[in-house]
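Got some structures for you, see below.
What follows is a pair of complexes built around chain A, which joins chain B in one and chain C in the other.
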Partner chain A sequence: MSIILPGDKFPVSRNHDESIDITLGPGLYKSVNSDTILPVQAGIFQSKPIKKQQQLYYIDSNSRRYIPQTNDYVIGTIVGVVGGESYKVSLQDFSSCVLLSMMAFPNATKKNRPNLQIGQIVYARVSNAGNEIETELECIDPTTGKDGGFGLLDESGYLFSITNLNFTRELLFNSESPVLQKLSTRCKFEIAIGINGKIWIKCGDGLVINKSDVDMDIDESSTNNKNSTTNISSKKDILVTLAAVKYLTACQHKSPDQIDTVLTQSFINI
Partner chain B sequence: MSRSVDVSTNERAYFIEGLKAGIRLNGRRFDEIRYPHNIHLSKEEYGYVELEWGKNKISVRVSSYIRKPFEDRPFEGIFNINCEINSMASAKFENGKNSDEEVLISRIIEKSIRRSNSLDLESLCIIAGEKVWNITVDLNFLNYDGNFIDIGCFGVMLALQHFKKPDISIINGGEDIIVHDINEREPQPLSILHVPVCLTYCFYNITNQQEVNIKGESTSDDIYLLDCDYKEDLLKSGSIIITLNKNREIIQLSKNGGIPIDASLLVDLALGSIKVVDELTDLMKKLIKDHEQQRFDELNLKLLQVGADR
Partner chain C sequence: MTFKVRTSVLDNSDGSAELTTSDVKLIVSITGPIEPKPRQELPNVASLEIVVRPAVGLSTTREKVLEDKLRGMLQAVIVRHLYPRQLIQIIVQIQATPLSKHQGGAYSNHRDEVEYSNVELNAAINGCYFALVDAGIALYSSFASTCISITKPHEINDNQEYIIQPTLDQLNNSSSHHIICFSIEDKKATKLLLIDSLGEFTEEELFTVISKGVEQTELLHENYQRKYISDKIHNDYIWKS
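Take a look at the complex of A and B:
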């Protein structure tokens, strides 16, 4: 493990054992002309064997700005439609938008298109992130052709941003991370983590929007009673969700032994 | 690069349903402000203040020099406020280009402080028609999290109270002046007539029935929030900025479009603001007093007092 800076020499010499394949992760760039590998980010240089005779190299850094990489799992907000063929998706505020083709959904055909509205959010995979062409997402698992957990995230959950991208990677990839395990002792929740710093979370039933407002005139007294009860359970779920959001936001700057106090503080009124 | 922030329907739905249930997403009460914290009053120079307000951060510097007054106002000093917002605060502000929001922020701050005569300009006069003090306030916004007006106004007033200008002697029967070094003679604070405090309320029409308002019918289900953060600011359907001081005077009131509000609500808002105004004014007073005391103790100024046992 060593610290590496952009423009440094690639710390592994490749000539000796050419039988080993190299896979490059984030932060490393292979020059097209000279076939040399250059670090393009500052951070900790990591190397991991993934298979027999295959070695993974990447640079681990904690940035705030998200730069799309192929195979990243991200959460994006639909902000528009481009040419009737793709959705324009925003992955982070003040960044350029990326494209999500309408064909990149399970069972999508020219006739059978997904119906997403502006403002809705999707969980997607970055399918193509080159420098020269626009970044593309897809809501489909390429190995099975099914949805694989991707697609629209419904409106009962809350979306919030985490500034430390390192923390979202920790939540998503470290299955032993105590943060979510500790949270599960307090409430029942459903979570989607995008490593672009967006997290969608729903505690309990999340937000239940009353559709019964229209029926008010027909049977006022009974609907009123029903309304008030659903409102109470919904209010509690909103409060719990917001407490969980507060907890996760606070956790990004805390060490593992402080998590318990943060948890009690966040859930103090519930 | 896009300059706008896109709010998802999920955030919007949570926000609106939360308001209906009496919850703000940031956990504050509807009429609760984020109190300033990490306030740094400079010990090295007079009139330099840095403070945070939620995630907002500003720095204010007051400076002075001597110049000739304007021809038509020979007895008055000159007072300017420079408001500087660039993309360091947030990517939504573009460098070198004033958006409507930026113009509004600086105009309201100027209206509240400069045009309300909170600084006594006649006390800045040294020799009528010849020499007056020019006081300049440079307001720099370092980080944005909604509501720049309230925090800017607070910061400027705190810095003005912290500032001291060098002492002056007039010699040769009013022909010449001596500007005393601050180490030679204790510098003089500015004469501040009143302390304006800006409070911004944002309005939300949670039923989303615009037609009801156009007809001028009851808008009693409108909800107002004090001191919005940036997400609440994005979702607002109208806002009002009230500037008050501790003497229960309304200094300015500005409502730039948005949904119409009831006149009686305005009275309620003004009355409700008094508590917050008092708290903020007292906080400023306390900060300045503590800072003076600290300086007094550290520099051992007790020795310089007339009655001191030397």
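Take a look at the complex of A and C:
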């Protein structure tokens, strides 16, 4: 593991005669005035060949503030409508809001628009990002034109935040990560991971809301909540969901050999 | 010399560091890049909001001066045009100062000995470095700061001593003290980012102080900054097998 600090020398010597193209990833910066490459973040230096004659260099580092990049998968909260054409979506508290066009849904037309309410959450892909333009999201898989798993995340699941963004990247991109595999030995779950530090998870059927439950809460006072018809399996699913959330939040600070203990501890009452 | 750092101490900010030196203790918190208020927005670079809060009481003009000195220095190292129309908020909360330590936690009204000392500025700069790295803000280079004092001339032989990281007593017996901050590229001190002096001194003395500063900041970078940051990175990737 080679650790690099801001201002260190770029660890790869370059010969201009060699016809290898260099692609710079996060943490590296080519200064405008000169031809030198500068590391600007502290982290682990990585280098990977991506194509023939093309080499990718980047610095893997943790951060807690999400900066949108094209093709990122994110979870956003609808916070408003802009000009009747797009939704205003918040990806993280205090960050600038991004736009989600009403046309960026499968089968959307001028007459057939999606009906999203303020406060609902969506799983989306960043379709357009850059410093000088407003960031845009879309809920379509660009290769098929279908929803591809994007779109509204319903209220049966639970949304929570992971502060370390490097851990959400690990969960999303590393299919061999033991964290989710171990969780699947305990429960059946559906998960949406946004690399902006938000995770939506639903274990079993999640929270099942019956129309009658909602009506009863309004008609009668909350004293009747205990007698409400929320079935036992739904209650168990909610408990399991919360245990899974506890487990995933704890895992970002644990080493791989501690995962089993964390899992047992989180699911201790279930 | 004690120099202890803990990073990511605050759960709700994007980057934070707690720095403890022999005299000063402070916490630096970074939030950003976030959406600025319209009046703070700059069209092509990130704006910086710097707040220094004293250990006791309200902030005074003294804290404003500290903020301005920090701003001038940080503007030179943060790659600000990577975050146009964004805000980076930097808050320095001083927790203990050499004066407060000697006077039971409060500033006294009769500051008859050291009226002002700049050691807080020194600690604030070093604290900012760790907090900025923790927040993942792009920096042109690393930077480190050190404090050097020059003793009053000896009565008999006129000898003067240079003291690195002086204590309060040593500051009281000094004719001047200096804060030197260097940018560090590839483990070598390169650019002088800030120098702030208090007291009486000659040009020759100042040059000696600067050359000692080069040495000291390189040592600080090699011995402490690299160690604490590689610990931090190992901690961030603890789940990696």
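Some observations on this one:
Keep this in mind: the second predicted complex is superposed on the first by the 213 of 270 C-alpha atoms of A that agree within 3 Å, B and C clash if a C-alpha of one lies under 4 Å from a C-alpha of the other, contacts with A are read in each partner's own complex, and residues count from 1 in each chain.
Just so we're on the same page, a contact is a pair of C-beta atoms (placed from the backbone, for glycine too) under 8 Å apart; a residue touches a chain by one contact, two chains touch by 3 or more.
These numbers come from a predicted model, not from an experiment.
Residue contacts after overlaying the shared chain place A:F94 against chain B and chain C alike. Of the two partner chains placed by superposition, only chain B is touched by A:L159; chain C is not.
Of the two partner chains, chain C is the only one that A:S255 touches; chain B does not reach it. By the touch criterion defined above, A:E190 reaches neither chain B nor chain C. Touch criterion met: A:T77 reaches chain B, while chain C stays clear of it.
Of the two partners, chain B and chain C, it is C that touches more residues of chain A. By the touch criterion defined above, A:D205 lies against neither chain B nor chain C after alignment on the C-alpha atoms of chain A.
Of the two partner chains, chain B is the only one that A:G119 touches; chain C does not reach it.
94-97 are the residues of chain A that lie in the contact sets of both chain B and chain C, per the superposition on chain A. Across the complex, chain C meets chain A through its residues 11, 13-15, 31-35, 79, 82-86, 133, 135-136, 138-142, 183-187, 225-226, 229-230, 232-233, 236-241. Contact residues of chain A toward chain C in the complex are 3, 5-9, 27, 29, 38, 40-44, 60-65, 67, 94-97, 131-132, 163-164, 166-167, 170, 178-179, 251-256. Listing the residues of chain A that touch chain B in their complex gives 77, 79, 90, 93-97, 117, 119-121, 153, 155, 157-160, 200, 207, 209, 231, 234-235, 238-239, 241-242, 246. Of all the residues in chain B, the ones that touch chain A in their complex are 1-3, 5-14, 17-18, 20-21, 23, 25, 27, 91-92.
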